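Next come the structures, one after another.
Each of the next two complexes has chain A plus one more chain, namely chain B in the first and chain C in the second.
Our next item is the complex of A and B:
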C-alpha cells in the first residue's frame, strides 16, 4: 500500500520492523536454549534433583551462605536448585507440549471436519463455543476434582481447553483452502474425501495452525504452572516449576530464591513463546500486526 | 432488541445444563457407595437398603439427575465432608470477597489499561508505543503468582507497607482497604496487558476512519480528537474484548486468593479439591462456572445497549 493512501499513518511507522525482528530472533535463541537445557537436563544437571542433603537453604553464588557445589543454592530439603530447575523446566515443557499436541491434533481434526462437512459444522462449532467460553483454570479445577490432582488432570484439562481455538483457526483456514481451484480440480478428478482432506486441504492449513499453537503454548505453560502452584498439578517432590514455586512460598522471607528462580524461568519461557508467536503471526498475516 | 436478549438467554441454557451435569457426575464419581458411607461400618444390609431408598439411589440415574437439579435450584448443595456445614453457607460467605476482589482489580486496571492503550495508539510507532507494548507483553507473560509473591515479599514483608494475609473487613474501613490493595494490584497487573493491547488495536482501527480525518480537517485539537472522536468510538470493541477476558480474570482471581489467603470462592474450591471434599468442590466449581456464565450474559446484554446495531 502506498503512503499516499494512508496519510494518517505517521512516517515513523516503517523503520519499526527492524528492532522487532531482532527481538524475535533473540527470543527464538532464548527459547532454543531453554529447550536444549530441558532436553539435555540429565547430562547438564550437576546433581540428582531428588537427592536431599543436610544443607538446606544454601543461598545462590551471590549470597552469604553460598557453596560452590550448589551454584544456585539449595531448597528447603537441601536439594540442588540448579538441577531441580533443569529437570523442572523439562517437566513443565513436557506438560505444555503434551497438552498442545493432544489439543492440537484433536482441534485440527475437528476443524477440518467442520470445514469439510457442512452438516457437522453447526454442531461442532457450537460445542467449541461452549468449551471456549470456560476459563482454562476453571477446567483445570474441574478435572483435578474428578481425576484427583496431578499432571494427567492438568494435561487433560489444558488439551480440552486448546481444542476449540485450534478447531476454529483450522476451520477458518480450511474454508479458504477449500475454495481454491486445485481442491475443486482434485474433487472433479474423483479423489476420495479422505485423500482430498489429508493431501490437499490439511497440509495447506498447517502454517496458520502452527502459529496459533506457538501463541497457545505460552498460555498453556502459564496455566499449567498456576495449577501446579495451587497444588493441583505435578505433585511434590516432582521437580516442576510451578510446584517448586509453591514450595518456595513457605520460605519466601528467608530463602526467596527457592520461589523466585523457577518463576524467572517460567517468565523466560512464556515471554519467548509469546514474542515468537506474535512475530510468526505478523509474518503470516501482516494485517494482524496491530492486534 | 427483545429477540436478541431472548436468544442470548436461551443459548445459555445448554451451557448451564452441561455445568449441572458435571456437578452431578462429580458427586456420582465419589468412590464407594454413598449409602454405606452414611450408614457407617455397623449398618446391616437392611439399614443400608433403607438409606439407599431414602437417598433415592435406587431410582434411575436420569431421575437422580433431575432430583439433583431440583435441589441445586433450591440452593441445596449438600454438606461439606470436612466441616459438615452446609455447602451453600460456606459459598455465600466466600462469594462476597471474590466479587469484592474482582471489582477492586477492575476499578484501577481498566482505566489504566485503556489510558495506556490510547496513549500507545495516539503515539503510534514512537518510544511510548513500544514501551506500552513491552509492558503488556511482559504483563501477560508473568505468572500471576510471581507478581503476588514479589508483592508479598517486598511490599508486605521487607518494607512492611501493607498487610498481605487475609481480608480485613469491608472495603470502606481502613483495615479492609489496606488488606485489599495488594491482591487487587497483583490481579490488576495481570489484567492491564490485555486491556491495553485491545484498546490500542481498537483505537488504531478508529484512527483510520473518515470522521477522524474530518474532525482533524475542521481543526479540532488533537487531544479532543483522541478522546471524543477516537476513544469514544473505540469503546464498543473495547467493551467486547474486555468482556471476553472476564474468564481470564476469574482464573487469575483463583490464584490470587490462594496467595493472599483471601477468603473467596477460588480458595475454597482449591482447598476442597486438595482435601477431597467433593461436595464442597462441586458446589464451588458450580458457583464459579455459573457466575462466569452469568457475567458473560450480562456483558453480552451490555453490548446490545451500547451498540443497538447488534440487537437487530
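Our next item is the complex of A and C:
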C-alpha cells in the first residue's frame, strides 16, 4: 500500500517474478488435471476399483512383474492400482472440499459477526480459542470414536477445526474494513446492518479469506490422509489415498508402489494447493500486487 | 527397483529401531521379547488376554502341564493325580519342594486358596466356568488336594493347565489388594516379577530356586537366562526391525510380510509349529434378516476363497480354514472332514438363485425388496482390514454387498456385545473341541461370546454330555456330533488357522514352540544363549 501511495518512489526494474508465475501455472495445470481425473474417475478408470483378482502385488509397468492390464500394478488384494488411485483421489478431494466448504462458510459467518458486533466478539473469539487448542488429529480421533470411523467423521472434525482459523482471518480482515471511510459513510447513510455486512464488509475481506482457504485446503487433505492412515477414514473397500498408503505399509519391503503411489498423489495435491494459494495471494493482495 | 526396495527396507528398519527400542545395551544374560499388545492386568483370574497368560506361565505354575502335542497332560506342581470312578473327585499329590519367589514354601493351602479365589463370585472372574462345576476343594494334608465336582467335567485337567489355574500366594494377594497383578505377583514360576510399566515393558528375573518345571523341558533346573524383558511395540515394522537388528531376541508377533526377510536373515531363526490352535473366522448372527437363511449363509461361506486369502494376504504363512477348529485339535470329528464347505463361487451363485435372491442392476441381490447387504463388525488394524476387504471382495462375486465397520479394540468388544450387526470377525485360541464349542455354541453364552444367538436344545444337551463324559470316547462322540451340527448349519465363515511362528535370535539356542493359549514360549525354560 505504501509503495502505491508514494509518488516519489523511483521507477523499478521489471519485476522478476516470471519463474514464480511459471511454477504457479504448472501447479494450476497439475491441480486441474488431478481434479479432472477425480471428477471423471468412473470414465477414466480402466477397471472396477473394488474387484479383487487372484493377482496381488503385480508391479507397475516399469517393474519385473508388470501386466499390461494393470498399468500401475495391483494392490495386496489384486485390485487395479490405477483405478483405485483415481477413485481414491476423488474421495480425498471430496473430503477436503466438503471440510473446507462447511468450515469456510461457518467460519466466515462467525468472523464477520465477531467483527461487526463487538458484544459478540469476546465470546466468539474465546470459543474459537478453545477449538483452536485441540489439534485437528485429536478432533478427528474423537469424532471417529463417537460417530464411528468413516468419511463423515473426518469431514465433521476437519470442518470444525477449520472454523476458528477462518473466523480469525475473516475477523481480522473485517476489522480493517470496518474502519474504512466507506463503511462509516454507509453507516451514516442509514444502511441496515445486513446490507452493510454483505455489501460493504464481506465482499471486501473475501479475497484474504479465499487465499487462506486455498492454503488450508492443502493442510486439510494432509490431515484427512493422516486420519485415514490411522484407520479412521473411509470404510473398506472404499479407495482413499491415506487408507491406501496405510494398506501398502505391510508390503513396503517388496511392493513399495502400493504405499508410495497414493503418497505421491497426496504430495502433488498438497503442493499444488499450497503453490496456488501463494500465487493467489500474490495476485489478490494489493500490497504484493503493486510491489 | 532392488535399490528402491532396499532403501525402503533400510528406512523402515532404521526408523523403527530408533523410535521404539532405543535403550541401554542389553546384558548378555538378559532376553528382550517384543510383542504387540500389553494386558490390562496380570491377575490370573481377571484377564483373558493372551498377553497376560504369556507372562503368567513364566511367573507362576499350574498343578498339571500340557505337552507340545496339546493333548497329553504332564505333571506340574502335582507329581501325580487320581480320578475317582465317578469322575467327580480329582486327588492331586503335590511336590513338597516348591517355594514362592519370596522363599515361602508352597503348600496345599495355597492351591486351595488359589482355586477358591478363582471361583469366588466376588472375584468376578470372566473365566470362572473353566474351573468346572466345583462342589468343594480341600487340602487333605500339606501335599494333597482334593478337587470335588458336582458332576464330571471331562475338560478338567486341560483347564487346569491354563494360566487361570496358577497357584498364587494368599498373603501376597491380601497385601497388594487391587494392585495384585499390577504392582506385583508372588508366584512359584521360573521367573519372578520385578516391575511392570503398562503398555511399555514388564521385567522379570530368574527364580534361582526353581527345580519343578514341566517334564517336557530337558532343563530340569532354573531358567537359563537372568532376566526377561517384555517390551510392547504395536507397530509391525518396529517389531520386525527390533528382531532383525538384535535389539530384541524373541518375538512371536512377526508380521507376515516380514517372514521372508527373516528367513533370509542369518542372525534370526524362525521357529514354526505345525499345529495351529488359533482360528480366525466370521460368525453370523443367525436371527438377523438375510443371514437367518441357512442357504444364504452356506452360499456366503462357499464364496470365500480361503486359499487365496492365505496365499495373497498372509504370504502362505497361515493354513486356510474350512473348519471352525483345527483338524488337529483334540476330539475333532474326522467325519466332518468330507462335509466341510469348500470354495465354489458358481455353486454359491446357484444356491442364491435357487433361494430366490435375484441380482439387481447394481449386481447385488435382493429378495422381496430387501437387499442382501449384511453388516460386519470387527477390529481395526491391518489384519481385519485386509480380511474384511478380501471377504467383501469375494462376496461381491455372488452379489452380496457386505458392509464393514471396524472398531478400535477398546470399543469393539462392547460393540460386538450388541445386536446391531449381522456378522462379526473374531479370532480365538483353544485347547480342544470341547474348549471351543462350549465357549461359542452354548445358548447360555448369548449374547457374548455366543454372538451368533445360536440356540439349539440338542446342542446344549450334547455339550453337557461332552462336558460330563466319563470316558474319552464318550466325550469325543458328543463333541463330534456338535461339530457336525454346527458345521452343517454354516454358522461361521472359517478363514484361517494361525500356526505358531516365533522369530528367535541365532544367539539363542533353538526353542520349541508351544501352542498353549497361543503362548509360544510357555515356561521359557529352554531360552538360553549359545553365542
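Heads up, the rule we're going with is that the second predicted complex is superposed on the first by the 265 of 291 C-alpha atoms of A that agree within 3 Å, B and C clash if a C-alpha of one lies under 4 Å from a C-alpha of the other, contacts with A are read in each partner's own complex, and residues count from 1 in each chain.
In the analysis below, a residue touches a chain if its C-beta (ideal position, glycine included) is under 8 Å from a C-beta of that chain, and two chains touch if they have at least 3 such contacts.
Note that the coordinates shown come from a computational prediction; the quantities given were computed from them, not determined experimentally.
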item: Partner chain(s) touched by A:133 [first = chain B, second = chain C, both, neither]; value: first
item: Which of chain B and chain C A:186 touches, first, second, both or neither; value: neither
item: Touched partner set for A:231, first chain B, second chain C, both or neither; value: both
item: First (chain B), second (chain C), both or neither touched by A:253; value: both
item: Chain C versus chain B, contacts on chain A by residue; value: B
item: Contacts of A:149 with chain B and chain C, given as first, second, both or neither; value: both
item: Which of chain B and chain C A:172 touches, first, second, both or neither; value: neither
item: Contact residues common to both interfaces of chain A (with chain B and with chain C); value: 145, 148-149, 231, 246, 249, 252-253, 256
item: Touching residues on chain C, where the partner in the complex is chain A; value: 1, 4-5, 8-9, 12, 236-237, 255-258, 260-261, 305, 308, 312-313, 380-382, 385-386, 388-390, 392-394, 396, 403-408, 411
item: Partner chain C, residues of chain A touching it in the complex; value: 50-52, 54, 56-57, 59, 62-64, 76-79, 145, 148-149, 231, 235-237, 246-247, 249-254, 256
item: Chain B-facing residues of chain A, complex; value: 6, 8-10, 12-13, 16, 19, 130, 133-138, 141-142, 144-146, 148-149, 218, 222-223, 225-226, 229-232, 242, 245-246, 249, 252-253, 256, 259-260, 263, 266-267, 270-271, 274-275, 278, 290-291
item: Of chain B, residues touching chain A in the complex; value: 14-15, 18, 22, 25-26, 29, 124-126, 130, 137-138, 140-146, 149-150, 152-153, 157, 200-201, 204-205, 207-208, 212-213, 247-248, 250-252, 254-255, 258-259, 269-270, 272-274, 276, 278, 281-282, 285, 288-289, 292-293, 296
